[in-house]
Amino acid sequence: MKHFRIPLVSVIGGAECTPAEAALAEETGRLLAQNGYGVVCGGRGGVMAAVCKGVNQMGGVTVGLLPGDDGGEANDWVQIVIPTGLGEARNALVARAGVGVIAIGGGYGTLSEMALALKWGRRVTGLQTWDIEGVYRASDPADAVRFVLGEKK
Amino acid sequence: MKHFRIPLVSVIGGAECTPAEAALAEETGRLLAQNGYGVVCGGRGGVMAAVCKGVNQMGGVTVGLLPGDDGGEANDWVQIVIPTGLGEARNALVARAGVGVIAIGGGYGTLSEMALALKWGRRVTGLQTWDIEGVYRASDPADAVRFVLGEKK
Amino acid sequence: MKHFRIPLVSVIGGAECTPAEAALAEETGRLLAQNGYGVVCGGRGGVMAAVCKGVNQMGGVTVGLLPGDDGGEANDWVQIVIPTGLGEARNALVARAGVGVIAIGGGYGTLSEMALALKWGRRVTGLQTWDIEGVYRASDPADAVRFVLGEKK
Amino acid sequence: MKHFRIPLVSVIGGAECTPAEAALAEETGRLLAQNGYGVVCGGRGGVMAAVCKGVNQMGGVTVGLLPGDDGGEANDWVQIVIPTGLGEARNALVARAGVGVIAIGGGYGTLSEMALALKWGRRVTGLQTWDIEGVYRASDPADAVRFVLGEKK
């Protein structure tokens, strides 16, 4: 049964990003929503805002796990705001909540999330991000989405 | 703006509960959904399952912040599953995520969540639960919902 | 073997406290150290500072699990500073780290720690604090220490 | 003042390790203790056990932040056991608690800790570990210790 469940994909990346990264994130969000997946992310700006924007364009669900305790720091496109108050320890929650992880750009925080997801055996793919053993380097958002949803080995 | 945001109320209580508590929780869930609020809870059985069931009956949104790292432990009526892996430290996240807290029955775990919500100045109300200073003792689910949504001082 | 292990007792209470509570906490710290126990606490002021002061007077060990990410917020008598960055979710760690819990005064944060410790089956005793089912009301620090160390049923 | 404070260095690495890595960790522990530093680690086996063993040989202090809620999973050389119950989210606490981080070998969990420490601007050095931008590659334990204690740019 469990017909109420909304499957999620973790999308991670910097709170500040380039226009090119934002475009990749927005397209990734649209594709995930079209495939029936929601997005869980860190809830802030940059890549996180762009992916949430894309998801909303296609009527999908967005969840933001914020580091701080103030819901007001969420970007405008987060529907479900969880102000964890855990600081960067919340990265572990973001990495775990999705069936897989798509990283777009990003710095050390993003790297920490990729590492944890790999530790837990999640599918991890990246666009213009860290080149770590075990991460599938996607050619574009469609490739990243296919990989993380398991349609591609 | 922020027209995408879904406001949440935290509903807490035991993972096992009496039929009377379950009925209260289910009715609470229906009323919250009818008022346009989603429910965030610990995602497991008992009161948590009953409130999620009620929310779904009225087309609302349910979020479950699980203590473990396995999404499979969520009840059937949780839509958004966040397996925090934090154990009972996740109680702090449940208490914080809602605009207020409704406690129904419950043991020491529920008490810990009520205490944290009170510390953070959240509105906290209870049905058949701990009698702690600062908690509004509601007469029924409708009274609890009115209180937590701020329609009643 | 494990002859290196230092057993700990959790001592909890407000970050601000009365002189009477501070005196109780300091005496509690001295007694725990004399019994070969270290103290784990929230690392801040008030009861936490007073108990750490007492422990140090008798050459014991003090551990402070801070809510923030800045070690500088620890009181002067904490030897081992752990800036958890978890906010009040760190209360769960304080409650769990000791073989038992002694509460002195305190508000809602203290209550949340007592509740979690009771949930986990820890011995919990209190001096001038919340009157919750399952908490042993001690008459003085010596009584509290005897109880938490299991010398008294 | 604060003359009671014991400064800590975070030492990270796999819960299983090679004899060569264990030898490096044990030597690192001895050197840190000789320099007046305690060690904070994940509290388990492999590199974590070896470094704690070395610290104890020189009379230093060892702190173990365990992922689980059972203190019994700590290695024999941990003096201060903190069973966080946070799972791998405790990695963030390990990375933050030291003035700097020394990584020895290790897998994805170690990588997540290095990434967080770098994000927070901590000095991070490694022996036979991940080659990430910002990590100083030490030639031996003495070199790693000098770097992390700031004696070397």
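Each chain carries a letter (A, B, C and D) given by its place in the written order, and its residues are counted from 1.
Here is the rule we go by: contacts are C-beta pairs under 8 Å (C-beta built on N, C-alpha and C of every residue); 3 or more make two chains touch, one makes a residue touch a chain.
What you see is a predicted model, and the numbers here were worked out from it, not measured in a lab.
Enquirer: Any idea if chain B and chain C meet via the same residues, over half in common, or different ones?
Expert: Mostly same residues: over half of the interface numbers shared.
Enquirer: Which of the two pairs, B-D or A-D, is linked by more C-beta contacts?
Expert: Comparing B-D with A-D, the pair joined by more C-beta contacts is A-D.
Enquirer: State, to the nearest whole Å, the distance from the C-alpha centre of chain B to the C-alpha centre of chain D.
Expert: 40
Enquirer: What is the distance in Å between the mean C-alpha positions of chain A and chain D?
Expert: Between these chains, centre-to-centre, one finds 30 Å.
Enquirer: Among the residues of chain C, pick out those that touch two or more other chains and give their numbers.
Expert: As it turns out, chain C has residues touching two or more other chains at 69, 84-89, 92-93, 120.
Enquirer: Linking chains that touch, what shape results: line, ring, star, complete or other?
Expert: Basically all the chains touch each other, so complete.
Enquirer: For chain A, which residues count as touching chain C in their complex?
Expert: Where chain A meets chain C, its residues are 69, 84-89.
Enquirer: Would you mind writing out the residues of chain A in touch with chain D in their complex?
Expert: 86-93, 107-109, 111-113, 115-116, 118-120, 132, 134
Enquirer: Tell me, which parts of chain B touch chain A in their complex?
Expert: These residues of chain B touch chain A: 1-2, 4-6, 8, 38, 40, 56, 61-63, 65, 69, 74, 76-86, 92-93, 96-97, 120.
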